Structure formats: structure tokens, C-alpha cells
């Protein structure tokens, strides 16, 4: 796949795609990663504090799943619309295939959103279905990226390979979550890999289609690959710092702010239980 | 394996094999995938409803295993017979090896059928033996496909590689089932990968040996690989929709139709238990 | 590793090694595979029959472990001695390295024997240590084979690759056994992969250094690779039949012959327990 | 990545790096491997002896975690300082990238140290976080090594590949430890792989930059790769012997020396418990 001569005799003069097409899904993934890490940390912190508190947060999380599904479907529709609207009607077949690659990835994230909505409305569906669809979405993303960079420059290929690596690892961790339930460490690892993908998509956009108009990278120089492998590791280290800060903030919030809110909710739950009990007694 | 010059100096003028040779196993796999997904969904739905209901369906499933084995052995005999009857007696050694490849795959599915029959008749055999033979059959299939496409065109190789990928993943999931028991999600994932193989075999038949006589694909154009990777993902997304519809239909059937049938069976079971109890009392 | 020009300018006129050097370890592996499969089946059958019966067999198995260690160390010493005695004193460095490869593999099986003896004598050592050393031995074997076939013909390389594949899978299954205890299916799978290695070593010997002096294989013809991949699968199917027959024989033996022997042993055990109990009462 | 022509037209006259740059991290890894294996053996031996004894050692181990973190951070600062101080200010960009590779690896071990300190001070953090950071450190190391040897000689590449293999396996075992708790066999396996890395870094230093000034290895001769694969296995066998000796020494120490020390500690613990109980009574 590495030789760049045979894309129908067409030698691409510049990298295909644009900055916005990579920054948009990058932002989506950053938001999702931050949201899921916050949710995992909240669940973990609440679990340690009190059982009743945990129950309260669990009901909250269930409601959150529904919203999550709606937001995901919204993101997917935005992404696909963006790709279709800005598509050049006179584009060659090769570019059309690349656009279809992106749309296919979006479709599988759309399926994840649908699974979220279904699991939140139909209680009989197993909860691990969401994790399965998530792992599927990432594996499909890896598969697409593997077949995406045919006939491009070495640095361009390497950037996409690293993105594919992060997607594959995120898929692997999601699949482990299908088999093991409620492992906080795995959930945080997955979130960190999703944040990594998001920030790497931004990095990729800045390197390939620099919007600031700065000096362009030499996309044929293999030394740049060696340098970018360092960048990738630093992005990864950075996600740990983000999650660490997130953990500190949420622990502090749970301690000082949510206490009152949750106590009220627990009282409501207790009242509900009391009513139910008195109902049972009758 | 990618260079196409050294098949004994013979440059193959057209892809080896025919449409029927791929549509037949494709249909077999589609039937098996649909059957296994229905069985898994039925077991999952019944489990959630009632314990006694579940026991009734369990006895049914045990009897089904025996029939499954018979059907599998029948499929294998049909497949191998088809390959032998339509074999050209004057074929060159290269084509004979390709036919042996197909027969070897059939043999391992035959072993799966035998394991099914043995497990249904000899109660002391571990139930996970069937899952092991299933995973073996898929791994052997992957291994054969990996050594199958020597000296062919790039699109032909890519089509078989994707089939091998689906077979490998199905084998992997089956092997996980050997280690973890009664995981509904894994069973459905395996079924979806088997349906994917079946529908991809049909796709492969239509691309390589188009029976409708439509325009032929350029088997040397790598852009087609990029396009086919999208097709493959769509086939996969399609299997989810099939399984989703299957789930809805079976849930509805269990709710409205099977209720009477199963109640009758449960009554029978209870009667049997009562007799046994009265027998114990005596 | 595939180009055959640069072994110090030396073009090897015939495959290095001899028939006996492959038949001897092949026989060792066949014996080990049959022995371990028998042991696993015996354990599995006894477990199903009776608990006391199982305890009797367990003591037997513990004693067997010690003997197993002695036999393994004996095999290793035989194998290494054979390599050293028949070594040509005037051999070139390249052949010396190949001999060292074989000796290294033997050494790791020797370590397995030592682990067997240690675990049988020192009760505080974890039993899974033996499984770890077994998986180590197979992984080291895979690693050595991967670096073993530099500068040889394609069929020679392919034959060793398949051997490495079987060794890798056996190592993988052994490692799974380190993590999960007493899984009969995994034990039988491992045994079948070991028998596969043994029978494939014989096959390899017959193809590369045919002792009967029959027609030689063309080691440069890739079509032979395609044919040999079928042979490999058939060897694998054959191991299942061997293990199936073994299972039938051992079940029959346990039912009709060992009954008397074990009843006597159980009586002894019960007597011992009674003595212990009367000792506790005092 | 194997062709050596395109490092900006610069043909490196000698291997980049120096003996000290490899011996220092090698020594660090040897110390860590020995320390962790001792800790695992101590925990395993104490667990078997007495429950109270085990509790005493557990408190000791908790305190050790904190020290471990401090030492790790110290090692990382030493390593990075060494790289920065001895860096040639006029170095070309290629050498600067190689130095950054080493620094990135150190940074992830620094993160492991920080995780150690955090887990020892904040009790609410999950203990498996340390194992996750450890596996991360090894996986990042593998990733870096994979992109580290661009444009070097075959033996140089092979030596680093083997190091990467050991790092990958150590990462894999660490990750398994995240999922399964307190598996002594896995802990010892990980320690042995870390000792292997340490001793292999020394070996690598001696082969590439022989400080004794002995005869240099021919870094372009592939036969050396075949020989070095044997060396690697022998290093691995050697780590087993080291861990075996370590096990014997620690068992002996626990039996004869620590008995008195621990009895005293247990008495202290009992006194503390008694005080707590009398406090509860009041």
C-alpha cells in the first residue's frame, strides 16, 4: 500500500481533505472522551462514598445514557451533512471513495447512538450491547484507516496509522469492558485513548492542512515519522494529566457541592421506598 | 504471496472457481448464522421471562443440537459432492489443490457436525467441545484462505482476505465462548460474523464471476480495494439490522404465540416432577 | 529473511540437518502429547464418576508429575547428546549456530522437567509454575524457529513456519492454563497441538530428508506450499481422531478395569482417614 | 524502515549512542526487576505461612510503594539529566530526535513513579492504577523502539527489536495484572521479563559500543542475528535461575531470620487492635 504511483496515474498534488474535516470529528471525540471520563470518575467516587449516594447517581447515569444517544446521533448527522455539503460535485472517483470512508465511520458511531437510545428505553436489552457497539465503531474505524491512505506520502500514512492504532486500542479496551463489568480502570483507559484520538486529529489537521499558513512539513521525510512518534507519546501523556485534573475536580465537586443535591435526592428515593413499603403493607 | 508470475509459468486468464461454488457455502453460512442468532435470542428472551419457561426451552435446545449436527453433516456432504462432481477431470494440479482447500474447510465443518451429534448423545462430554470445534473450523478456514490466493489479482486477494478476517474474528469469538459460558452478547456477535461471511461470499461470487453478465470489475485496480472495504463495513452494519429485526420478531413471537405452547410444556414438566416427587415419597 | 543469497556467500547445496534429528524430537512430542491427553482424559472421566475416585486418581497424578520430570530431563539429555555426538567437528559456523538453536530449545524443555521435579517435591510451589514453564518452552521454540530458516528454500521455510505456528498456539493455550485452572477442553487442545507438532516433525523429516530415498520434493515451488497447508490441516484433523479414540479407550478402561483397583485405593484412603479421625479424637 | 540510505543523505559511520547511555537504564531495570521479584516472593511466602504474618508484611509493602515511587522519580531525573548533560550541543537533528526518544521513555517511567506516590498517599485511588501505568510505560517503550532504529545496520535493528519484544511482553503481563489481582506467577513472569530487559541492555551496550575495546561485531552480517537470538534465550533462561535463587534465599530468610522480627510486629499490631477494641468499648 506504500507505493504512490498507481492511483489511476493521478499524482495527488496536495493531501486530500481539509482542516475542518479533521477538526470536527476531533472535537467530537474530545467531548466524548471528557464526558465519559467524567462519568466514570463520578461513578467511581460515588461508589466509594456511600451506597445510597451511588444509587442516586446510577439513576442519573441511566437518564444520561438516553441523552448521550441523542447527542451522538446529532453529531453523526452534523458530520455526514458537513461532508456532503462541502463535497465538490466534480470530484474524481478517488475522492468520492475517501468521503465514503468517512461516512462509513460516522454510520457506525450512529449505530452506537441508536444502541444507546434502545438500551435506555428497552430495559430487557443487555447493557453490554452499548460497549459492543462502541468497540465495533472503533474496530471499523481502524479497518477503514488501514485501507484509507493508499498512494499518499509517508508522513501522511504514518499520521493515519497512529490514529488507527489509538482507535484499535480503544476498540480492544471497549471489548474487554463487554466481558468484565464496571472496571473503573478500563473505563478511564478507554476515555484516555478517545481523548488521544481527538487531540491527534487536531494535530493531524495542523500538520497536513495548516490553517495558520505556517511552514509546511516535508511529508516525504522519514525523520519526521520518528519525530511524530514522540509527539504521539506526549499527546498520550497529556491525556493522563487531563484525566488526573478531571479526577481532582470531580472529587472536590462531589465533596463540597453535590453533597446537598444528592442528600435531597436520597431523601426523595427514601420517601419513594417508604411509600412503596407502605403500599406493600396494605 | 502477492506476485503473480510464478504459478508454474501459467498466467491464469480468469479467476479460478465459479459462482455456484461460492454461493452454496455462502447460503449455508447465512442459514447457520440466522439459525444460531435465533437460538441465542430465544434463549436470552426466555431466560428473562421465567425460570420454568427457560427450562422448557433448554430441553428444546438440547434436541435441536442433534438435528443441527445432522444438518451440518448433510451440508458438508452436499458441498464436497458438488466440488467433486463438477470437477474437471483434466484439471491442472494447481486447480486440484484449490479444490482440496475447499474440501479441507468442509471437513472441519463436518467434524463440528460430528461433535454436535456426539455431545447430544453422550451426556458426559463437555458442552464447550462444540464451541471448540466451531472455533477450530473457522481458524482452519482462515489458515486455508491465507494460503489460497497465491498468484491472483489484487482485488481477488483482497476479497478473500476480508473473508479470512471475518472467519478469524468468528473463530476468536467462538474460542472466547469456550472460556466463558452463556454470554448472549458473544453469541450474537459470533452469529453476526457468520452472517457477514455468508453475505460476503455472495458478494464475492457476484464480483468475480458475475452470473448476470454485467460489467466486470477491474481486478487489478487498487482503488477497487478501497471501495470494497466500504462494502464490507456496510455488509457488517447490515448484519446488525438483520439481528435487530430477528430480536424484535422473536420477542414478539415469545410474547404472543409461544406462551400457550410453553405453558402446556411447563404443565407437562410439572406433572413429571410431581410424579417423580410422589415416586420419591413412596 | 526470505532472500537466500547472503549466508556468507555460501549457497547451501542441500537442506541442513538430517532425518533422525527431526524424527527424534517428533517422537518425544508424540509421546508427551499422548501421555498428557491420556492424563487429562483420565482426570476428566474420574471427576465425573465419583469424588472419592477423583481423590484417588489425584494422588496418582501427583506421583506421575515426578516421573514426568525425570523422563523429560532424560529426553533432553538424549536429544542434546545426539546433536553433540553426530556433530561434524569440521562444520562451518552457520551449521554450529543451527545446532545451538536446537540445543536452546532442548534446554527450555529441560527447565520444564526441572520445574516438574521441584513442584512434585516442594509442596509450597504453585502448580501453575509447570504450565508457565511449558508455555515458555513453546514460545522460545517459536522464537527460535522464526530465526532459524534464514537463507533456505521457500518450502523448507514454510514447513518450519507451520511448526512454529503449532508451537506458538500450544504456548498460547498453555499460558491460558496458567490463568484458568482445570479446564479439560484447554488441556485436550494443548495435547492435540503437541501431537500435531510431533507428527509434523515426522512429515518434515520425510519431505526434506526422505530416508526411503523416494522422489524429492521441489523445495522452490510455491505450489507445494499450498499443498502442504492442506497436509497440515489433515494432520490436525488426525490428532482429533487420535484423541477421540483415546477418550473412548480410557472411558472403557475406567468403567471395566480400574473400578476394582480404585475401590481398593479408596478403601485405603478411608482407612487412613478413619485412623486420622481416631487420632483427632484422642 | 530497513533501508539505510535516506537519513538526509547522511550515512552514519558508527552506531549512534554510547555504552553508558545503555548501561545506566539497564542497571535501573535490573534493580527494579530484582526488587519486584523479591517483593512478590516475600508476599507469596508470607501468605502461605500465616495470615497475621501476611498482614504485617502487607503494611510493610504499602510503605515500600511510597519509597518505590521516590526512587523511580530519582532514577528518571538521573537518566534525563545524563542525556541532557552529555548531549553534544552541535548535534544534528537526527541525533536530537534519538535523544528525545530516550527522554520520552523516561517520562513514562516518571509517570509510573508519580502514580506510585499518589496511590500510597491517597487511599481512594485504585491499586491497579500502578499496574496500568507500568504496562503503559512498557508499551510506550515498545512503540518508541519500533520507530527508533530507522536507517541502522541489521544487527543493531535486531538487538533493539528483541529489547522491544521483551518490553512488549512485560507490558502485556502488567496489563493482565490490571485485570487479575494477586497472581504470584504473573508477578514473577513480569519481573523476569524486566530483568531480561536489563541484562539485554548491558549485552546491547557491549555489542554495539564495546567499552573493553575488544573485536567489533560485524553489524551487517545476518548470521549474527541468528546467533544473537540464542543469546537472548540464554539471557531469559538466566533470569529464571536468578529468580529461583532469589526464591530459595527469601524462603530461607523468612524461615530463620524474619520470624523474630515479624512476631514482634504482630504483637505490636495486636496491641494496637486491643487498644482500638478497648476504645470501641468505651
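Letters A, B, C and D name the chains as they come in the text, with residue numbers starting at 1 for each one.
The rule is simple: a contact is a pair of C-beta atoms (placed from the backbone, for glycine too) under 8 Å apart; a residue touches a chain by one contact, two chains touch by 3 or more.
None of these values were measured; they are calculated from a predicted model.
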Touching both chain A and chain B (chains): none
Self-contact between copies chain C and chain D, residue sets same or different by half: different
Computed distance of Cα centres, chain C from chain A, in Å: 45
Between chain C and chain B, distance of the C-alpha-averaged centres to the nearest whole Å: 32
Overlap residues in chain D, where contacts from two or more other chains coincide: none
Chain A residues within the chain B interface of the complex: 1, 6-8, 93-94, 97-98, 100-101, 104, 107-108, 111, 124, 126, 128-129, 132, 136, 140, 143-144, 147-148, 150-151, 178-179
Touching residues (chain side chain D, partner chain C) in the complex: 44-45, 48, 176, 180, 183-186, 189, 221-223, 225-227, 229-230, 232-234, 236-237, 240, 251
